[in-house]
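Quick notes on the structure that follows.
In order of appearance the chains are A, B, C, D and E, and numbering begins at 1 in each one.
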Amino acid sequence: MPALNDYLFVSGLLFAIGLAGVILRRNIIIIFMSLELMLNGANLSLVAFSRYRLVNGLPDYNAQALVFFIITVAAAEVAVGLAIIVALYRARKTTHVEDINSMHY
Amino acid sequence: MPTLLFYLFALIALLFGAGVIVNRNPVSSALCLVMSFVGLAALFIQLDAFLIGIVQILVYAGAVMVLFLFIIMLLDLRSEKRRRINRLAWIGGAGVTAAFVFLLLAALQNFQGERFPALRPDIAATLRAENLPADAASTDSALIALTAGRLPDVHLTGEVLFTRFVLPLQIVGALLLVATVGVVVLSKRRLT
Amino acid sequence: MPAHCLEACVIVLGLILLLLEAFLPKPPRRLLALTAIAGLGAVLVALFFVDRSPESSASLGAYYVVDPPALFFKGFALLATLLVLVMSLDYASVIRSYLQTSEDEPDAGLGEFFCLPLFTCAGLMWMASARDLVAIFVSLELVTISFYVLVAYMRRNIGSLEAGVKYLILGALSTGFFVYGVAWIYGLTGQTDLLRIAEALRPAETAAVASSTALVFALGLLLSGLGFKIAAVPFQIWVPDVYQGAPTPVTAYLSVASKAAGFIVTLRVLEPFLQSPIAHQTILVLLVLAAASIVFGNLCAIPQNNIKRLLAYSSIAHAGFLLLAVASVRSNAGESGGITAGAAVSFYLAAYLLMTLLVFLVVTLVRSRTGGEDLAAFDGLGKRSPFLAFAMLVGMISLAGVPLTAGFLGKFYVFLLALEARYYTLIVIAALGAAAGFYYYFKILRSVYWERATDESPISIPLPTRWAITAIIAAIFILGVYPQPVLSIFE
Amino acid sequence: MSILDFIILLPLAAALAIGAGLPARRTALAAAGLNLLLGLIALARFGNHDPSSGPAFAASRTVSRNPEIAWAVGLDGMSLVLLLLTVLVTFAALWQAGTPKDNVRLFYISLLLISAGSLGAFLTTDLFFLYAFHELALIPTFLLIGIFGKGDRRAAAWKITIYLAAGSLVLLAGLLLLVLALVQDGALTFDLAALAERAAAQPIGDSSQSLIYLLLLIGFGTLVALFPLHSWAAPAYAAAPTPAVMLHAGVLKKFGLYGLLRLSPLLPAGAERWLTLLLVLLLGNILFVGLVTLTQKRLDSMLAHSSVMHMGYIFLGIAAFQADHTLGAAGAVLLMFAHGLSIALLFALAGRLEEKLGSLDMTKLGGLAKITPRFAFLFGLAAFASIGLPGFANFTGEILVFLGGFQSLEPGAPLGGLQIATILAVWGVVISAVYMLRAYRAIFLGELTESNVTASLTDLTLSQKLPAGLLVAGLLVTGIYPWFLQRFLEF
Amino acid sequence: MEPAWFLLLLPLLAAAVIILFTRKWKTLSSAISVGAAAVAFLISLGLLGRNDEQVLAFRWMEIGDLRIDIGILLDGLSRSMMFTVTTVGLIIHIYSLGYMRNDEGKSRYFAGLSLFMFSMTGIVLAENFIMMFIFWELVGVSSYVLIGHWFTRNPPVEAAKKAFITNRIGDFGFLVGILLIWSLTGSLAFSGIQEGLPAAAAYPSALAIAVLCLFCGAVGKSAQLPLHVWLPDAMEGPTPVSALIHAATMVAAGVYMLARIGFLLAAAAPSAVLIAWIGGLTALFAAVVATQQDDIKRILAYSTLSQLGYMIMAAGLLATQAAMFHLFTHAFFKALLFLGAGAVIHACHHEQNIWKMGGLRKNMPLTFATFAIGTAALVAVPYVTSGFFSKEYILDAAWSQNGNLFWIAAIVAFLTPFYMIRLLLVAFFGRARSRHVEQAREVPLVMGVPLLLLAVPSIAIAWFSGLIEWIQIPHPEHHATHPIVLTVSILALLGGGGLAILFYRERASEPFRAAPVADKFYFDELYDGLVRYIQGGLASLSAFLDRSVIDGIAVKGIGRIAAGTGYLLRLIQVGNIQAYAFLFGMGVILTIFLLLAL
């Protein structure tokens, strides 16, 4: 069975990939997907911790509850986010970040 | 054997995760995302977090993905036209990511080979039995499951959610309401 | 009445208004807004009569604590929301123009704009009471998401949308870091309740904590999440654009409520770490952030010409001053007298709320009358409306920190704390920053009083706004001369 | 409520009333007149007050428990003299003030605020309010010069505002350090008397004393235009409207000296450590700025520079005081009084001259004494007063300062820095004679140059003479019979 | 209340009344002023004949153990000086009634005179140094006012300014001296200083310096080298003023002061010698210059300078009685001369150049007679004039103490008759050289009587030595003046006079010009240069530094730096989400690194 830090490493990598995506991609939707990746990375570590830190013989369900909340929040975030993106697309006909910097300095 | 599976699923999650950010075509990125989530779900399940695993599939692979694809279709996004790739962005992104991974490794030092602890449902069972009134003990399905050595995952998660986390749960309710209203307001085409 | 009913009341109020908005044939939006204001006022009054005993909400445990700071910040949130709603009334015309509405119902879609702040308010109030990372996370997200909506609300307005997108992406990013940080904290301590975490981090139990490296890693991630909320350098990056683009009342709300919430959470979250073995470097980092914020905010504000953008930079600067107070938290824990960092931060925030909202009330009015948000729009305000000009004057001198105003006392206590903690370098930086502050705040007064207006037509002021402004001005001076009432909350 | 509270609040109340719509000029004058009356009453009642029993008319209201800040007022010899100065000059300035084309209310409100600020600063016995009140006067100055000023008014107003703001931040740092250095079992106090006790009971360490004193010197020095921190003064005074400059140069500027005089006893070591520096700087004021004054071509900027120069003598008195020569202190206070009256008088007359002639370019004027003998006579009195002619208060102050310089010098002992500085300062008297007489000769004597033979130039009417007469009377009485003020100045 | 107080207050009162109320009614104003002077004269007369010494004090200020009084010190010295001042003062007041009859600034003029009387009285009666300094300065002001009386013309105005500032320079030294003396003897009152003197004598050098500083005051007031430049210019003022202030009384204040502090001079021998030399040199210099002047008043002015030089020299030689005695006699005959000159000028419609006069002897016999008497006194005609005795004392003192100075004095004694006779010949003899002069008429009685009144003492003092005793003029008790002194002075008189007659009989124009002498050895030019180049240069330099360095670089520079930095820093906010995300990530990384590093 793999050790805890294997999981943590995987989750960290996932998080890093997400981060890289946010920084590198220029399509807002894909940036958004990358953000989801990051959240899931976090989730994985949480679950892993909860499994490796047994409380009286069982996984720590507090952590899993937190994961549950995170997933919910993420979903809500996606909904709102996509709505904004749609509105933006309607107004500007683009989802490309470089096209939306009317405000700067 | 479980180790192998771990590597498999981890690989799936990571590779498709990478796929999300390398693909030029949004649709394929979305599909990669699904796959990576599936891999993730598998990892959850391997960690005995069955409920979370299922929710992961349902919410992400189900709802979120559909939403993404739907929007992509709606906006009819083609694969990005080849713009001059922004070198600075690439260097920066790579640099930041690398630095992050480095820090991660540094942090990971002290979990070297923390072994995978075996579940002890019996301990939980005895504790639970003590806390329960005698008559309830016979009917409490979780207790039965535990004593049977199984892990009543859903039951226990639900229990925590609806007892300890009742306030956060309500807050999340409000949050969802706000989100709904927000989405409606933001995406109505014409207000009447 | 137990304290946690307050949030319930606010939520219910919001729901009722939403339902009215949804199901009335021609909902009177102004009336809805006024109802909301009245309701918030009622809750604010109720706040003074709630059961302050900790056990009143014991059933909710770490997810809901009742202590002076919590109550103070609940009141803070209520007041801020109330004033923002007043502001929104003046701003309605602008919003309307950006929501392509049908002629038969000109202010359709305004209803939600008046309702959403109520839920934000509830989120802020919950946050004030949260002592568990989970509760903090969810209430924080409630606030954040409602802000996503509010910022992007004027969806026919490029600026608003752009601001919305920027806030969305960066907000989500910070959420990601925060969550990951929470995960690590949990992993290291096995706890999400801050008290328990504190126990786990006590120097005695350091053995339990795997290593400082991982802890530091986690702390860094948390700080990034919080730094985003309080708009501290280097997490301020979103602030100028979002402040500039968002609807003015929302900008005000962001700069006051979201910042304040960020700070109370920061205070609560940092508490365990400041007794932990890594307290030293935590404080040092806080100081670095503070210095960076003060310098960046104050200097960048100087060349600005859009008033909202200018205020954005100034709010970064104020975040710096507040962080300075936060960083002084431990040094004066025991020995010397004077006021505690918590009290100082709270007082500063109270002052900040008053003066910022005062300024934004004026900005909103001017925007809705002249249609401009550049400094030029304020030329000759002294002639067009002495009242508004005076309000602007008071707001500015308070922000700049001229004595006998609340703003001065805020800075005063911060300086006191920092000097007590012997952060001399920081003091020098802060002093320089404050001096620069005079420069750009008075730049605004310059155009208000010295410049000639293009059209001299007087500006009419709606009654609620006039009341609000008068009240705030009075409050600024009263607090500026007689701070004890606020301070005694924390004694 | 002590009589002093009334004296401070009266102008504020008047300002409010004017804001609320009462006739500006009449209200302001009434308030000023009443204050003058109250001031004289205070003078009369002060005579039968026993100085050993602390300040007279003391009253105190705590506004913050820890740090202990109180709205506390009290009157001792020094503040009595400055109180008289303030009420006299205020009355004269308000009387002198005409009615600008627009913003009349703002004009008088600002003037009243300056007066109130100085009164508060001089009458309070609490360090916090001492600082706060002075700062408050910053804003009206900004408005008065910026809106109602002349010539390069904006640049001047901008400079004075930013400059003084920055200076007062340094000052604030110094004051806070002082208070912190005198912490007693965790209790911080801003009460001057308490601070003095603590300092006496347990002096501050030398190193921190010298730091604090330096900060105070820079801070106060900036406010008093101590060389080389003086470059704000001349342009501001040249640009300011007459009543504003009367109040600022005449009264407000004295605050820095007052503060230094009050606080330096708490920091004997620091004062000693920096005495040489202070001496060098004040000589900079007297000789360097004196020479600069010689080159001025316009009357107003000449007067402005001269007032900067004369600050040097007061500083000399303070320096002497710090070398525990009590005469110096008395001299400094008398000189503040005298300089305040004379410079106010000079600026008043210059202002009137300009409004009649539209120019103060001395190269273009000449021979006015032929047309306006009374005016010339008054100006002559003022000029001679300001160059320290016996019979005027200025001489009394200067002679005391000089005596202070040589007080308790061991017979035959070599001259110390203080004595040398004093001798050089005495030479300054010659310089000031040169530029004053030059100016007087250029404007009033010699042939009448056509350029200014204007019908509008009429001699003073009685009501125009009244404010000037008031000031002259003050100067003469104190000059001929100084004992009536000086007896209160025991140090 | 002591009558002495009225001595002080009456003139002040008169001045105040005139300024505040009666400037409209000129005659009334002049009457008030003259009345005040008359009463003052009577009072001072009443004070004579007592030889007690009394001090009246009035607390001016008091701090700790330092008490400064406005006090009156009545002793022989002050009584006699008071007598001189009031007498000459009264006479000149009366004279002015005529001289200034039609002047439009009459009220101002008389106010000025009264103010001067007040100030002068103050100096004379002063009981301590501070008080003396106060009135010292006030005298300066009143002379400023009176010199500049005709302020619409430029020369008087300039002269007034020059006088005041030059005096200020002297007063600088005076004040420093006062401070030094105070620190040495611990007192400001003359009595106290005298007590403290023994202790102070322990530090002779310090004392010497202090005394020299005090002497600076005298240099300024009594117009000694190098601060003499103001006195000749001061002649721009109305002639009575020149007579009263710039001949008889004010300029003598320096001498009086030295007499007051005679005991200090005695204690500081080296500085006394220096003082004597300055006096001597001034006497010589002025006498030389006088020989080449053409303006009647300037000649007299320079002669005044040289006479003052005599007195200072005497004071420096510690023969203060001689100095005071000469001061006394000189006051009368010099006032007489000036008034005479004034009469001439008045009669000749303000013609002052002696070469344009001539033959006035016939038109103005009274004036001529009195003027001649005055001249006789000034050139010290032996045994018949008061001037003779006082000058003898001085020469005698010089002879007995300092040979060189004696010979200098002798030369002066030779020059004096030379230029005076020259003046007399050119102005009064020969034939008139201009129309005004031909039509010159004898002055009215109101101006004539004062001439007579002054002519009397110029002679009389010499004969009634009892009078001297009564007035208590300090004068050396009778002793045979040294024969050499006597002969020398007589020879000098004859030589000088003879030479003058030789050169200037029947001359219509200056036979020979010695430019440097005529131009007063270029002192004015020198000082103008100093002021223009040294002071002016310094001033413009500091003005430049003030503008460019202090304000330009220091102040404005800081502002620009701040603004510039802000301008650059804000460029971080590029507005591109990608960049923002990158920066945010960087922020996180940096924070964590910092946490690790610190």
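By our rule, contacts are C-beta pairs under 8 Å (C-beta built on N, C-alpha and C of every residue); 3 or more make two chains touch, one makes a residue touch a chain.
Here the structure is a predicted model, which is why all the values come from computation and not from measurement.
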Other chains in touch with both chain B and chain E: A, C
For chain A and chain C, chains touching each: B, E
Innermost chain, where centres are averages of C-alpha coordinates: D
Best-connected chain pair, where connection means C-beta pairs in contact: A-B
Where chain B and chain C are represented by their mean Cα positions, the distance between them in whole Å: 32
Centre distance in Å when chain C and chain E are each reduced to the mean of their C-alpha atoms: 77
Averaged-CA centre spacing for the pair chain E and chain A, given as whole angstrom: 97
Chain centre separation (chain D, chain E; CA means) in Å: 36
Multi-partner residues of chain B (at least 2 other chains): 86, 89, 92-93, 96-97, 100, 103-104, 106, 108, 111, 164-165, 168, 172, 175, 179, 182, 186
Junction residues of chain E - those touching two or more other chains: 559, 570, 573, 575, 577-578, 581-582, 585-586, 588, 592, 596
Shared-contact residues (touching 2 or more other chains) in chain D: 162
All chain pairs that touch each other: A-B, A-C, A-E, B-C, B-E, C-D, C-E, D-E
Interfacial residue positions of chain A with respect to chain B in the complex: 1-10, 12-21, 23-27, 29-30, 32-34, 36-37, 40, 43-44, 47-48, 50-52, 54, 56-59, 61-62, 64-65, 67-69, 71-80, 82-87, 89-90, 95-96, 98
Chain A-touching residues of chain C, taken from the complex the two chains share: 133-134, 137-138, 141, 145, 148-149, 152, 155-156, 158-159, 161-166, 168-169, 172-173, 175-176, 179-180, 182-184, 186-187, 190, 192, 240-241, 244-245, 309
Of chain A, residues touching chain E in the complex: 19, 22-24, 26, 28, 31, 97-98, 100-105
In the complex with chain E, residue positions of chain D that touch it: 159, 162-163, 228, 230-232, 288-289, 291-292, 294-295, 326-327, 330, 367, 369-370, 377, 384, 389-391, 395-396, 399-400, 402-403, 405-407, 409, 411-412, 419, 422-423, 426-427, 429-430, 433-434, 437-438, 441, 444-448, 481-483, 486-487, 489-490
Chain D-facing residues of chain C, complex: 335-339, 382-383, 386, 390, 393, 397, 400, 402-404, 408, 412, 415-416, 419-420, 427, 431, 434-435, 438-439, 442, 445-446, 449-450, 481-484, 487-488, 491
